[in-house]
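Pasting the structures in now, so scroll down.
What follows is a pair of complexes built around subunit A, which joins subunit B in one and subunit C in the other.
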Partner chain A sequence: MTTLEEHIAAAHPGADLGQTKDGTVFWRVSAGMIGDAVTLLQRAGVDRFLDLTAVDDPTRDDRFELNYLFYTSTGKRWFRLKARTNGDAPSITAQFAGADFYEREVFDLFGVRFVGHPNLTRLLLPDDWQGHPLRRDEPLGGEPVDFTVTRDVYGT
Partner chain B sequence: MPAEAMSAPSDLPPIVRDGERDTKDGAAAWALSRLQDWSREKSLWPATFGLACCAIEMMASAASKYDLARFGMELYRASPRQADLLIVSGRVAQKMAPVLREIYDQMPSPKWVIAMGDCAACGGVFNNYAIIQGVDKIVPVDVYVPGCPPRPEALIDGIIKLQQRIGMGHRRS
Partner chain C sequence: MTTLDAKVPDAAPRQTLRINMGPQHPSTHGVLRLELELDGETVVECRPVIGYLHTGIEKSMESRNYMHAVAMTDRMDYLNPLGNNLAYALALEKLFGCPIPERATVGRVLLAELTRINSHLVWLGTAALDLGAMSTFLYAFREREELLDLFEELTGQRMMTSFIRPGGLADDMPEEWLQKTRKFNDALPRRIDEYEDLLTHNSIFKERTQGVGKLAVADAYALGVTGPLLRASGIAHDLRRAHPYCGYETYEFAVPTRTEGDCYARYLVRLLEMRESIKIVRQALDRMPGGEVRTSDRKVMPPPRRELQHSMEALIHHFKLYTEGLRPPPGEAYVGVESPRGELGFFVVSDGSGRPVRIHERAPSFANLQAIPVMAKGGLIADLVAVIASVDPIMGEVDR
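== the complex of A and B ==
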């Protein structure tokens, strides 16, 4: 039986594969390739979408790193897909319907626009909210409290 | 009720009184309004409105070990239209704020609000974009119960303090 890695290596020689600290294999792709990569994973037996998160690093040009987590129920193994983007990414809702709300959440909190999503509106915050609060350059909000430890945060 | 309990302490907000409660309307009207206060005090009906972890303590207060029913306030109503006490038990998210205000507006007057726990009082540890920094920004609060979360004894104490005020005619709406 061919493993996931062999499937990927056959289709994309020189694919950027790696391993996270917990031992999960990940595949780093460019943002434009997400759709193709997910199609390939589905053909290779990945049948469950589990999670989509993002990490923001404003010092990079492509500041958002999308982190997809998949599961293969026949092979009983996890798989991660990583892609960096500057604000646009293709939606995978057509391939995995479960990605619908996750993409809306990442759009809501990070402002990543998922092109091709059927209903890309805010999920958690009110519809008239301004900004995307999990971006690192967003203000923290709340009320300034003058403790020694909070002076750096609020500049008080 | 002893006489000294009839006069409100000076640190309370101004007491809204019905016109009929004025002693110039006569002793009968006065006695009737005392009876009204007493009946309101002795049967508070809180709205079932659990927001966060404080709601667990609120449920424990109503359950058999602490038993709010001893003080005549066990009847949690599922509809705000039948309730006269709103226990804000937990942190209020910005998205929840209009819901909470609507529930408060749906409650018939007279009505009272208890801010249970630090989050409802001032935002608690959640000093960020998502949480209302104190529920008194959207509804008037009569009693604050500190704690994270407050024990059932603390909540019961807060409700009893509110009852004492209600018995003295204190109401804000």
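== the complex of A and C ==
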């Protein structure tokens, strides 16, 4: 049986593979390649989409690192796909219907736009919310408490 | 002669009706809102709308230290607090690579399984109540109350326990408590027989659940469904078996599956899971070794009080840990555990400082919720209540 790594190496020699601390293998691709990479993984036996989240690093131009987590039932292992983007990424809802909520969540909380998503609207926050709270440069915020002093300082 | 039918203009267009079910509907188990399109009583389309319980936990975690995050994991899936603590602790321990004493590991299995029983009891009670079986609800909550008393005695809290911490357990389990747990555990199989008497062969319950809310394996895979939902559709996937953690490979237990994929199958799978959990609890109690429940790695857990009296190094470790908090080495780790609802995973990213860069929870209910439209489509609105109940969504972890 060929492993996922062999499938990837055959199609993309010199693919950027690595391992997280828990031993899950990840493959780093460019944002434009996400769709092709997922198709390749599907052909290699990846049959379940488990998770998608982003990690923000505002000091970089391509600040969002998308982290996809897949599972293969035949190989009995997790597999991670990583891609960096500055705000746009292709949607994988056509390949895995379960990515629907996850992409909406990342759009909602990070502001990454998934091109090709059938209904890319806010998921957790109200539709008229301003900003994307999970960005690192978004302040934690909070509602000013109505004390006399806050009234003077913040004009509430 | 004119018939009654003739009075109805036959050109009347057939209209569908759009209504909201929830967020305050009692059978939506929290604040789930479903936008329904109905044709008569048939569900044409169902769209879950979530976010009513969004509390920004993942954002709050980034502004606090790693130890504070433990308390917040409790509040995600509030029926499985110890399971959430466990998943988070395991992810952090992957970063630290610290050894966990045997007593703590067995204690974690014991607590995780008790929590699974607790969660399934609440599910059983509320799911049966949704279908009109009031007495099951009372019986299930009677047992749950005993279980919460046990949790309270051990951890000081009934629900938000924060007892499983990175590096081991918060405190030792007293012998007395272990005996009480054994007594409760030994009494439980008979209680489950009682629930079965009430429901398993109850024709009303069977009619409400059999053949209702079918989920095919292909759909389940595509939607990322895990846990009892997947096992009721015929896939024997359980992380305790497939990727054992905490030494689950050394325990004897079965992974119950059904092939029907309907609400009744999910009910049976969960009941059988409770019976398997009872077995695991018994094995954990039988093999409970002595010794410490906290890791010897002083970068993760503070030294015991007795060392502080005469060891300068212990005092320094204690001081550093309480002023700076945990500082895991840079890197990222994901650990998935089998929660009562499916694959629960924590993805932790550390840059080596005392504050997490990112903590993300892979919540099983979040993915399972996406299966509701598939299961509800074409069914009756009354069946939708059974479907939601059989999914067992916990909005606390869906919205986070």
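Just so it is clear, the second predicted complex is superposed on the first by the 142 of 156 C-alpha atoms of A that agree within 3 Å, B and C clash if a C-alpha of one lies under 4 Å from a C-alpha of the other, contacts with A are read in each partner's own complex, and residues count from 1 in each chain.
Here, a residue touches a chain if its C-beta (ideal position, glycine included) is under 8 Å from a C-beta of that chain, and two chains touch if they have at least 3 such contacts.
Values in this document were obtained by computation on a predicted structure and should not be read as measured data.
Specify the outcome, clash or fit, for subunit B and subunit C once both structures are aligned onto subunit A.
Overlaying the two complexes on subunit A (C-alpha atoms) leaves subunit C and subunit B fitting together cleanly.
With the two structures laid over each other on chain A, which partner does A:Asp88 touch: subunit B (first), subunit C (second), both, or neither?
The answer is neither, since A:Asp88 touches no partner chain.
So, A:Asp62: does it touch subunit B (first), subunit C (second), both, or neither?
Once the two structures are laid over each other on A, A:Asp62 reaches no partner at all.
Scan A:Leu124 for contacts with subunit B and subunit C and give back first, second, both or neither.
So A:Leu124 meets both subunit B and subunit C here.
Does subunit B (first) or subunit C (second) touch A:Phe49, or do both, or does neither?
second
Of the partners subunit B and subunit C, which touch A:Asp100 in the superposed model: first, second, both, neither?
second
Would you sort A:Pro133 into first (subunit B), second (subunit C), both or neither based on which partner it touches?
In the superposition, A:Pro133 contacts both subunit B and subunit C.
If you stack the two complexes on chain A, which partner ends up touching A:Asp36: first (subunit B), second (subunit C), both, or neither?
Touch partners of A:Asp36: none, neither subunit B nor subunit C.
Specify the partner with more touching residues on subunit A, choosing between subunit B and subunit C.
Between subunit B and subunit C, the winner on subunit A residue contacts is C.
If we overlay the two complexes on their shared chain A, which of subunit B and subunit C does A:Asp16 touch? Say first, second, both or neither.
Touch partners of A:Asp16: none, neither subunit B nor subunit C.
Minimum Cα separation, subunit B versus subunit C, post-superposition (Å)?
Minimum C-alpha separation, subunit B to subunit C: 5 Å.
Quick check on the output: what are the common subunit A residues between the subunit B footprint and the subunit C footprint?
On subunit A, the residues that contact subunit B in one structure and subunit C in the other are 124-126, 133, 138, 140.
So in the complex, the part of subunit B that touches subunit A is made up of which residues?
94-95, 123, 126-131, 133
State the interface residues of subunit A toward subunit B in the complex, per the touch definition above.
Contacts found on subunit A: 124-126, 129, 133, 138-143, 145.
Using the touch rule from the top, collect the residues of subunit C that touch subunit A in their complex.
50-51, 54, 56, 58-60, 62-63, 91, 94-95, 219, 221-226, 235, 237, 242-243, 331-336, 343, 345, 347, 349, 357-358, 360, 362, 366-367, 369-370, 399-400
Which positions of subunit A touch subunit C when the two form their complex?
20-22, 24, 47-51, 53, 55-56, 67, 69, 73, 76, 78, 80, 96-98, 100-101, 109, 122-126, 133-134, 136, 138, 140
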